[in-house]
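In what follows, subunit A forms one complex with subunit B and a second complex with subunit C.
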Partner chain A sequence: MPKLGSQEPIYIAVATGLEALKTNTQGSSAGPLVGTRSSARGADGLVKESGMTRRDFFRAAAAAAAGAAVSEMALASTPQKKKHHWIMAIDLKRCVGCRACVAACKAENQTPPGVNYNVVMDIPHLGSSDDKPYFLTRPCMQCKSSSCTLVCPTGATYHREQDNIVVIDYDRCIGCRYCIAACPYGARQFDFGEDYETAEETPGAVTSPEYREYRTRKKGKSPIGNVRKCTFCVHLQDENGEYDQAQGRWPACAKTCTGHAIHFGDFMNPEDPIHALLESRGHFRLKEELGNEPSVYYLW
Partner chain B sequence: MNPASTTSGKHFAPIVLWGVTLVGLTGIFLRFFGSGEPTHLTQIIPWGVWVATYIYFIGLSAGGFIVSSLAYGFGMERFARAGRLALLQAFVCLLVAMGVIFVDLGHPWRSLRLPWQANPTSVMAWLFYLYNIYFALVAVELYIAVWRPQRKELLRRLALVGLPLAVIVHGGVGAIFATVKAHPVWHSGLLPVLFVVSAVASGGALLTLLAFFFLKASSERDDLINSLARFSIAVLIVEAAMVGIDHLVASYGGIPERIAAYHLITAGPFPWVFWGGEVLIGFLIPLYLVCAARPGSAGQMALAAACIVAGTFAMRLNIVIPPLAHPAFPELPGAIHHMRWSASYLPSFTEWAVVLAAFSAVIWGILAGRRLFSFEGGSHAGEN
Partner chain C sequence: MDRRDFLKKAATAAVGLAAGAVIPFRSARAKGPYPNDELDRRFGRKAGAWVPSCCNMCGGQCGIMAHVVEGRVVKIEPNQWNPNNFSNVSDDFFGHLDPKNGLNGEARICPKGNSGIMALYDPDRLKKPLRRTNPEKGIGVDPKWKEISWEEAIGEIADRLKALRNKGQAHKTVWISEDHSFTHIQADFMNLYGSPNYYMHSNLCDTARKASFKMVVGHDRPLCDFMHTKYILLFGWNPTSALKWIHLGRIIPKAIEQGAKMVVVDPYLSDTAAKGHEWVSIRPGTDGAMALAMAHVIVKERLYDEKFIQEWTYGFEELKDYVSKKTPAWAEKVTSVPAKTIERIAREVATTKPALIDVWSGPGQHTNGVQGGRAIAALNTLIGAWDAPGGMLIPNNKGNKHVEVHPDETATKTLAEPYLDGHDKLPFGHKSGNYTEFFRRIAKGEKPYPCEFLMVIFQNPMMAVPGTKAVEEAFQKIPFTVVVDTMPSETVQMADIALPGSVYLERYDLNTHWVTWPVLALRQPVVKPLFGQPTEYEFVALLGRKLNIKDTEGKPFFWMGRESGKRVENVTKWYEEFLSGEIKEGEPKMTLGELKKLSGAVWVSPKGTEYRKYAKPLKPEDLAKAVTEDGSPYRPDVPAGTGLYDKPKKDKGKRIGTMWKSPEGKVIVVKGFDTPSGLCEFYQPKLADKKDFRGRPVDPYPAYAPRDEQPSAEFPLYLINWKEAAHTHTRTWNNQWLRDLRSEAPLMIHPETAKKHGVGEGDEVLVESARGSIRMKAHLTRRIHAEVVGAQHGAGHWALGRFASASGKGQHPGFLNEMRFDPLSGQACHKEICVKIRKA
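And now, the complex of A and B:
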């Protein structure tokens, strides 16, 4: 495959049935898409077109003040007005356990074998009339008080100030896997570097749109050797950090769910229909007793 | 080597060492240049034998250093003869531990950026700084003990500073695990303390073994070996009590989440690691050997020490792996049908080979130290 350019996002978009993505990613295609360094990232964790972000400025300033053991993380989270708090509400009564969300997640994020951001677990439901288990869909909980960001030695994984989504700076992650051990929900996975057979035949053919970085898989290069996770498909947000269901810019699992069991919305927006849903139904969050305050609710 | 060893043993030992070293180097080569993923780790068990080896050697380092601090800093004259050896042990084991965790990382070279990319809420990040301070202190103390033996007062002061530092370093390693609330067995205030106690027991035992093989045979050496072995056994009894207390308290509470991992340790797929490795070899046999030893039987003491050193490795495996093998949700491993989602883990050839590399590196390090300086003549500490 030739060096990837502006066509690549379209390829991904078509492959995953997201026509709407074209306009979104073409606009920023002049910016670095492949092999971008973390310095090209903005405070939102996404790749910026060009120019120095505030985070870069602080990075440079911190480097200049070498010797002073300043934690870059404290500086990295640039003060920004909190606009959104994206949450998921998963209806256990509607889920039929088809696992279309699992497949859609893999297709959207182009994850390698053994890496599944979203999984569906069969929880035995004793006493149900037809022995049907509960199907528990488990994306990343995007905890408000997350264990993973706390333990990360380099601060490579962090909360985005503007919408609470937990992202990973692939160029900063050292692959120690502490966050995997620390996550109470098993929501993080290591990229062991394995590839699907078809991908092995044409090395470099698989790129992931994650964080709009469009990285090619290559031995020793990120995201191989990194920890990876669900980001609520953060690369589908527009520049204002908004999703749009009508345009198809919606987390892949929620968009694909055959039983309309996965609801997605903005907790900060009082108009969002997800509030009515949560008010009308009984709901719970997983392992509430740990105090992680997950952003994923389960309706029962 | 041990003057008591036979001629055939003299030829046999280097062959074994070279063999183990070659296998180890193969493992390191495969880790960095081999095709395919070197480990059998999974999404459920992301830390395996390499992490266990890392905390094992950090413990041996801290334990050796604590014993040297007792000798140099607190005037425990009976240990002073092993002072240089203890510092060399601390130095070499720390370097080897760092090497093992370097190999374990997904992007090892990026860890060198930690000085300016550290996350203040991460225990692991703090340890990076602590290791560096600790390493510098061990190096300086070793230098003074060997090449500036007249600076006794400086050495004493450094040893006094070093003792709490070593406790913090290895307690900090325990805190890496203890701060993880996702795994209830780890999430205990007892764990960092257990790490320190276990470090002293295993580090003292390794020092006993090194003294047996590398110090000139004499009645003073045998006295030293006797004292060190008995000291290690005493600490080991405390350690065993702590492990027992932890198991009993968890069993009494009966919280399924909590006892699940203990059940994996005592009756899981590898119960012999606990019963055979940790309990029999690591505790009961050395306890018997030391208690039943006639005074002055250094060989029996050294054998007891070897058992403790071996048993502690089994304990390290049990600290790291079984708690992880109890997943976040029991149904999680079955959710995806892929080998990387398995809750069972057996290290790959590459993983075992790197572990062998670590063990051989420690022996090479001690041998290199013997070329550079004499291990004798450290017994000047208590003369202040």
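And now, the complex of A and C:
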């Protein structure tokens, strides 16, 4: 059972480059390239003799390559806000497989055809004689130790230090799709620029509230040609980085979930009911063995 | 570091450096994303308006909040004040209700509800009235549409209707519509115009269930109290996926979480069965036999609720006798369910308290559906589940009131003509009629008279009535058809005039809800009709005005404001008064304006769910005006079993009470059940006097008889269909978001069956019945009974829109069916088809 703090980041500097980087980003609100590791991961067998894991190595390499971006971030530092770690706990016993979460996500983020930030999989129970499925909805895992951010050559995708959410700077994303290949959860998709068709009489334009940027889709303009992903509907946070379920400022999938299967909460807040939920139920994370430290838990 | 790692690293670094050259472009700027406060004010959650309304992506009518920004609906979210979005019992609803924020974000909507925007802005919507110029009609025949004006369209329709009425043939006008939207004004129109032939969707859906329950408890829409139950037994119902009412997705998993066991009996391991503890795989249309065998076990082992049976039931001894031979071994042969399983489930459901048993359209849409459903309903009687916490509740669904209209002399004459669909000849027919028989009679040119004019509003009989080819024939024989729809459906292709309808976000309605206590919610226009078209009710009113329809007092009904009593020019305002009158005379007793101002525009009766209403004494004021069936006033010495009515039965009196003999032997007046005996009936001898549609006496017992069509050597497989969350019937398949969730409906085949017929995963399969053949894509799964193949229904469009007809064009199982309905209720039999399959 996770206890508050037990899986919180322990920053381990393992290479000189990384050490330097950490110093550079002290005090920054962004600090995206600093990977995090948990105490739990130390025992996963991935740590090599040198004390540097494969992942750490990539992190260092990527950081070195994107050095320019790092120094820029230091310039962009903003006053430190209260920290959060937003997580989801998805109850597999409750999920009815209706896919309202998929539709609601489309509606909230105005994603184009072929881009779905979350998917629901029908997975037959192992060893069942009748292929009885369970349903598993898969948003972005918002990994604490994410593969996508490591391989991004431009630093366009990174962790927000204040709440662990992985975001994409569409203006910086060059659409190389390394992150799509790197993500072990298939949570990223490329925006090929397709559009849904609407009646000519439809008033106004589609603006996506994503990142509160309200971009209008135009040929050759971001996010067309970018990689896209779930952000836990980060645009619904208030200025303090808080969500509010009663006011509808809550991730779209959780807000519509007909089975009330998607729970959402702040892991950093000891008062958050999500702790009691995790303590009371058996749970797992997908591909735990990869050490990505996903922020999405599945209750079963 | 291995070679792979090295290469990856090298690539990363290389691209990184290359990209580094690009970065300085942004170097003076902080790293994005870049929130834009100005655009946030213009487009964000605080911009524009959030309008409370009700969904109509299906007939479930859940509450929504529509976010409108700069004239465009940009998001639809759950309405936090509507119980339909949360629970069907009041303790659960009120227990979570916060006076400030309603349900605090706990109300939900389904995938269809989330995708309403794509229905509103669908590029293939009908925009202008269209006139057919090609006299030839048929599947795949181009109507050669010509755009016409609304004036011209309404003028021509009115002229034709007027000509019929002037000839004394108003009854030859038939009008069919969806059953949850603006039905009252359509019924009023037909009444005042003078045709008895106004029918609605229900007979395609669940009139078999309605009849089953009506026979047992006198109420046709009992609802499950999942929140308080410990055992759920469902026959052929897929509630967590069919999701008509959003609360189902919550309260069923919640019941299981609270310790209830759920068993689902179905030929297909539905998504609901996937949530249950046990799937009982059964042959289609044999559910009634399993229920009788369960009754056999419960009776034999005396597991029934003895007290309830003594006090509140009729015909127990007869049932006991009847089921004595309906052994689990007998049922095993009929159903393919092992006798041991039947025995065990019978014991579980009778000894776990409280328990509930429900049945919907799976077993219902067969020719033996009503009696099968009746046997299942009777299990609830055996275990005393009626209107008990955790059992099957008899809802109080009072809401708005349909104010009676009084037709003039001309109309009265033609209203007395026989129904063209013959639904009055069905012993358990429903006011929604019998589409199947109507189209059959027209196709065959049978009595009582031809249909000269057909009005179709928001219905797609070409795909929804069994026997597509025969329905096509009927349309070819009807001289003039008008279809009002939002989409160019398969039925629109058969129209002489097609009119653009309104999406629910463009119009009004009143919705009583699928919860157990009175709730009335408003649907209101969120945006103006996109193409400036009149909504359906405005079209009806305009037609009524053009025809100068008057009631018996000579008042021009479609001009007179119901509230003001004055002539109202604006047709929308006129309809607002029409609705206001219904709310005022109904349960909420308020005006439309007042309803609009309520939080979420929903009125919720504070009374809440009441249990065991049947045992409640009549209110003194009701007792004072109570009469017996023949109209003689109530006296305390009327014998036990006598029914009491609010007015004589011949004046459409409703049963309001029953003289009931208490266990102490005293005869008192209670509400009772609305059955001939006032009790729950296992058996009813009077039924033998009634004849089914084919002239056979109705069985007084909930008897099992095999359905008409059975597998044969040539057509060895059962073909069934079901409903899933992403689509509603045939109507949502052009919705681009919903197509992203599910764009086709493959044929589910058991791997053993597939092997036998030489079919592999993903193969195109030729599916043939005695009536026709279609091609479907095979999906192999052990989720289906080995003697059965099946698919989600509603796919296989050849019209409706560019996306709907893009996959599986015209491959619709209706082509395999014949015009078949259940002879007791008129229920369309969509699931009674036998087929053979082979690789195409």
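Throughout what follows, the second predicted complex is superposed on the first by the 205 of 300 C-alpha atoms of A that agree within 3 Å, B and C clash if a C-alpha of one lies under 4 Å from a C-alpha of the other, contacts with A are read in each partner's own complex, and residues count from 1 in each chain.
One rule holds in what follows: contacts are C-beta pairs under 8 Å (C-beta built on N, C-alpha and C of every residue); 3 or more make two chains touch, one makes a residue touch a chain.
The shown structure was predicted, so the numbers you read here are calculated from the model rather than taken from an experiment.
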Check your understanding: Just subunit B (first), just subunit C (second), both, or neither: which does A:226 touch?
Key -> first
Practice item. Based on the superposed arrangement, let me know which partner A:136 touches: subunit B (first), subunit C (second), both, or neither? Key: first
Revision key, fill the gap. Between subunit B and subunit C, more residues of subunit A are touched by C
Review point. Of the partners subunit B and subunit C, which touch A:189 in the superposed model: first, second, both, neither?
Key: first
Review point. Where does A:290 make contact in the superposed view: on subunit B (first), on subunit C (second), on both, or on neither?
Key: first
Point to revise | Partner chain(s) touched by A:154 [first = subunit B, second = subunit C, both, neither] | key: both
Check your understanding: Where does A:209 make contact in the superposed view: on subunit B (first), on subunit C (second), on both, or on neither?
Key -> second
Practice item. Classify the contacts of A:108 with the two partner chains as first (subunit B alone), second (subunit C alone), both, or neither. Key: second
Review point. A:273 contacts which: subunit B (first), subunit C (second), both, neither?
Key: neither
Practice item. Report for A:197: first if it touches subunit B alone, second if subunit C alone, otherwise both or neither. Key: second
Study note, to complete from the structure: Residues on subunit A touched by both subunit B and subunit C 62, 66, 69, 72-73, 102, 113, 116, 151, 153-155, 172, 174, 176, 178
Point to revise | subunit A - residues contacting subunit C, complex | key: 30, 32, 54, 57-58, 61-62, 64-69, 72-73, 75-76, 93-94, 96-100, 102-104, 106-108, 113, 116, 129-135, 151, 153-156, 158, 167-172, 174, 176, 178, 196-204, 207, 209-214, 235-236, 245-250, 255-261
Check your understanding: Quick one: in the complex, what on subunit A touches subunit B?
Key -> 62-63, 66, 69-74, 102, 113-116, 119-123, 136, 138, 147, 149-155, 172-178, 180-186, 189-194, 222, 224-227, 290
Review point. Which bits of subunit C are touching subunit A when the two form their complex?
Key: 1, 5, 8-9, 12-13, 15-20, 22-24, 26-27, 29-37, 39-40, 42-45, 69-72, 75-78, 98, 101, 104-106, 108-115, 117-118, 121-123, 125, 127, 240-241, 243, 246, 248-250, 252-254, 256-257, 269, 271-275, 279, 281, 530-531, 725-726, 736-738, 740-742, 781-783, 802
Exercise for review: Under the touch definition given earlier, write down the residues of subunit B that touch subunit A in their complex.
Suggested key: 36-37, 39, 41, 43-44, 46-47, 104-108, 110-111, 113-125, 128-129, 176, 179-183, 324, 327-329, 331-332, 334-336, 338-341
